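The first chain written gets the first letter, and so on, giving A, B, C and D; residue counts start at 1 in each chain.
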Amino acid sequence: MKTPKKIAVLTSGGDAPGMNAAIRAVVRSCAYHNLECVGVYRGFQGLIEGDFKELNARTVKNIINRGGTFLKSARSKDFLTLEGRKKAFENLQNENINALVVIGGDGTFAGASAFAEEFNFPIVGIPGTIDNDINGTDYTIGYDTALNTVVEAIDKIRDTANSHNRLFLVEVMGRDAGDIALNAGIGAGAEEILIPEQNMGKERLLESLSRSKKSGKTSSIVVVSEGDQIGKNIFELAKYIEENLKEYEVRVTVLGHIQRGGAPSCYDRVLASRLGVGAIDALLGGETNVMIGIVHNKVTSVPFSEAIKGNNEIDEELIRVADIISI
Amino acid sequence: MKTPKKIAVLTSGGDAPGMNAAIRAVVRSCAYHNLECVGVYRGFQGLIEGDFKELNARTVKNIINRGGTFLKSARSKDFLTLEGRKKAFENLQNENINALVVIGGDGTFAGASAFAEEFNFPIVGIPGTIDNDINGTDYTIGYDTALNTVVEAIDKIRDTANSHNRLFLVEVMGRDAGDIALNAGIGAGAEEILIPEQNMGKERLLESLSRSKKSGKTSSIVVVSEGDQIGKNIFELAKYIEENLKEYEVRVTVLGHIQRGGAPSCYDRVLASRLGVGAIDALLGGETNVMIGIVHNKVTSVPFSEAIKGNNEIDEELIRVADIISI
Amino acid sequence: MKTPKKIAVLTSGGDAPGMNAAIRAVVRSCAYHNLECVGVYRGFQGLIEGDFKELNARTVKNIINRGGTFLKSARSKDFLTLEGRKKAFENLQNENINALVVIGGDGTFAGASAFAEEFNFPIVGIPGTIDNDINGTDYTIGYDTALNTVVEAIDKIRDTANSHNRLFLVEVMGRDAGDIALNAGIGAGAEEILIPEQNMGKERLLESLSRSKKSGKTSSIVVVSEGDQIGKNIFELAKYIEENLKEYEVRVTVLGHIQRGGAPSCYDRVLASRLGVGAIDALLGGETNVMIGIVHNKVTSVPFSEAIKGNNEIDEELIRVADIISI
Amino acid sequence: MKTPKKIAVLTSGGDAPGMNAAIRAVVRSCAYHNLECVGVYRGFQGLIEGDFKELNARTVKNIINRGGTFLKSARSKDFLTLEGRKKAFENLQNENINALVVIGGDGTFAGASAFAEEFNFPIVGIPGTIDNDINGTDYTIGYDTALNTVVEAIDKIRDTANSHNRLFLVEVMGRDAGDIALNAGIGAGAEEILIPEQNMGKERLLESLSRSKKSGKTSSIVVVSEGDQIGKNIFELAKYIEENLKEYEVRVTVLGHIQRGGAPSCYDRVLASRLGVGAIDALLGGETNVMIGIVHNKVTSVPFSEAIKGNNEIDEELIRVADIISI
């Protein structure tokens, strides 16, 4: 592989706070190494449509603190076709682009990996997703911000819960992974945390809430991951609890899309900056088909194939902590 | 009426940020005037159950910045019965309490007004509700904070809307009054605002969104008051828009209970402090059966009967401003 | 005066949160009325240098939530010379600009007023300053946001004050007007508030702090306006207190420039939107040499000469409230 | 060592956000293990004065989200004397307290270590300080929150910097360690970061700022650690820059005590919860004279003697990242 001279960058999949900081780091790292840099709008779809724009160190000013992605993101059905991918490859060649940085989650990496192999095109990935469900990195960009957003929202809800002696069920994001629920649940002082990796069973939940009430708690927060098995229909779960535990008035809040946005936390900005710099370092070092991640606070790389295996282990220590401190 | 020497204070109805600041002002104003002050827990229900606690200037330290109400709030079915109210009156007499300050919304004032007349007991009210639906005051305590909470939440959602070129329907509180939707909608830069006072009609909404798209907008926020007529079932409205406007991918977020909590804004803290001081001034001045409000930035009082008429006028100027700046 | 067809807008003086929202409202109101709109960069200096840019409804998207002013602001010595102002007038004429909207404080209005009369050029002003020191409007754009910023900062400082039983002196902005200190001081639960309009005297401050300690307070916050007479050198005041009140460990924090920035509050966004719309309405109605303000929640206009008289009355009711609730 | 049955907990040194969450975890972990728990007010001084209070699971409700420490903190000169420490030991014996958890920084651990050895009393420490200057733990409680506070403050300052094309020097905490400056500087997009571990030299700073200006930057933020050698007197540094770089108008903001307070971030709440649980586990496991820390996301313990060596290595990777992304 020749050393790249012109590098493209795109964001794909669900947006996450810190994506802009990662783009900025990629662009400025290119400037630092005297490489040209091109932004691709709307992810893989923009690659196919040739929706490119030259980026320099000044273009990316004042974005490190902004949520979302100024390069925008989109699903691309065309990229699933060989024809679409060929068009994308031609566009890259016509623009003399030698390498690509993709920022996104597992879907993004799967697409990027296939493309890299199909056309022998150098690609490096950066994990940008609030779900923290990627293998080979301790943290994904946006996850820390999402945790703070959830905890701040539940702090507000607790004001009402306390004032009215109520039980609140709060649904947070996480279809397959309970990381957000577990960490934000501990941070928000939740009485119970329902996660997809573990089926608590409705009965045990009732027992726990009942014990909680007897221990003198006057209000309660239960954090429910959207992928949890008994909490999947959170409104039905609320009804079930109200019917079986007369002492509680139950309310539901689905936090929804506020979890994806907002100014990134300092941690996410620093992480995004490090991974953006690391991605260009990796490309200059001849790496391809890898994701840049952070493991034990060191920037490292891992093959895409490894990254997309997902990160579904339950953290038993955290579950024990959650149990103990909600006593 | 004799000058009161011992005053009770309670909060009732939905909690609102700034209620604690109002209680604090009542308590400290009592201390300033050398009056005793008693806190009643859980609103009218605590009045009936004799759930009282002496409060002094130091008891209420470090609460001005806290959402909710440390005196708690509750619905009281017993207070709807003559027996319950008699019990409440006896408790007040047994404690030598000469007057009562109630903090809440129209339901609270209706109950207080009936009780004041029935037992000839001096009561003054303070408007504490995020809905701003009380007559005789330009602002209710908690309203300004709720507006900021909504606007901050939509700022986050807009990050995602922009990144994905999507349309978001965001439901905000306001069953009968569109004040929150209208003001937060303007503040959040919403493309359309649906309020209970006005039936826009689904067709006009489609037209407006269609025009919006043609004008070059790539993403849109529609703020929907929970009491709006076409937005009442916001998920069905979303489906209707998606079916009729193919160019938009539509998402729904129901902000829910986060709107009630949080540290009060400076405005709400100052307002609560002024109204709390004003309530004690009114009682010392011999007033009863009135609500203390703020009109044209002056603390004033208005009979309960006037206050609970509600405040349902549409602000035509704001609607025009919303129209113009969403062009 | 003929109806204007092309309107310029500029920001001048210290920046304030909500200026962007005001620019946006001016631009979109122009679009609504089919007027052309031109942005002038760097205030009056940009007027002289012809630093203009056409603005349309889409140019001002996604700025309602941003602090500062994207048109930038600058001091202009050249505008103090007749030569400079002539150049500015020629630039306006060359661009066929018929009217000007200026957003700023009293300095801005003084300059605008002189220019309007000198060249018989239609100008309307919008009050944008965190100081709230303008006559003819109940609120200036940015003031409400600054109050929230100050209160949030002092909430943080109070955590430390409480934890260590300390006295903190916190300096806030306000060279001539104590509005920020007085309102934020009440909102933050300050024990004492020192403002330029009132000379408390060092001895009375000591007495009050001493009484405060005796009443059982373990920590204290004193909010000091930068223009206050005994607090002018806040570090010397701290030393004076420490020397004379052995029981207190004193710390100083000067909040400084964080008070000018940040995402505007909902109130400031709505206010800015209303005044921006009002400014174009005024120009279309033939008004000139006036500032658009808000009085008793109605949009009104007042001659520049009236506006720049300043707003230096002490609000005696607020001072009494501050006294009572800090007991 | 016998298994402890009654455990005391105290906070000492500068307060840090998350200390309350750590106390809560200690208390609830005691409840979980059926141990009695006693809170000691005002650190070692309270130990000497016998300022104790029994704590149970309910006492610590609603504090996980609060900055500061409800047990308060204080310096203790008496604890430096043998007499004082003897008194402390007697008080612990009189109350049948078998072990102690101390939450604080290196000064706290030094005192605790000496006491543990002198009286053969089991003590375990938890690192609570915003400075992140403790050995044997990747993070100290409060550090992550402080970073977010700094970054949010600089985001506000940048609004003004951008609006006025100014250079701001922003002083942040860190007398011996540049961790806050370096991380928050990267997160805030600072052009230069001055830290105690590295003497940049005034000339190189001027050169860098000059280059920065030439590269097209119109405003700049320089983050200065309070312990930095050329930035020690930040006001003089500002004067020096203004005199030598005419193109910049320079402003100074000293962030000060706001950095210590505020609601803890989710990360700090979870970290505090884990370390609190870990501290009781360690005591039950027979450990003493150790600090519980987090290394590579695992809860571990390290002797006090090791912890207080400090953590003064420069992170060369972060310095390189800071250089690259400020291009």
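Going forward, a contact is a pair of C-beta atoms (placed from the backbone, for glycine too) under 8 Å apart; a residue touches a chain by one contact, two chains touch by 3 or more.
Just so it is clear, the structure is predicted and the values come from calculations on it, not from any experiment.
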Looking at the contacts, which chains touch subunit B and subunit C alike? none
When the C-alpha atoms of subunit A and subunit C are each averaged to a single point, how far apart are the two points in Å? 39
Using mean CA coordinates as chain centres, what's the subunit A-subunit D distance in Å? 28
What is the distance, in whole Å, between the centres of subunit A and subunit B, each centre taken as the mean of its C-alpha atoms? 35
Among the residues of subunit A, which ones contact at least 2 other chains? 155, 158, 162
So which chains end up touching which? A-B, A-D, B-C, C-D
Tell me, which parts of subunit B touch subunit A in their complex? 11, 14-15, 17, 19, 42, 66-69, 72-74, 149, 153, 155-160, 162-165, 168, 251-258, 260-262
Where on subunit C is subunit B touching in the complex? 24-25, 28-29, 31-32, 57-58, 61-62, 64-65, 138, 144, 147-148, 150-152, 155, 158, 162, 183-184, 186-189, 215-217, 263, 265-267, 269-270, 273-274, 276-277, 296-297, 299, 317-318, 320-321, 323-327
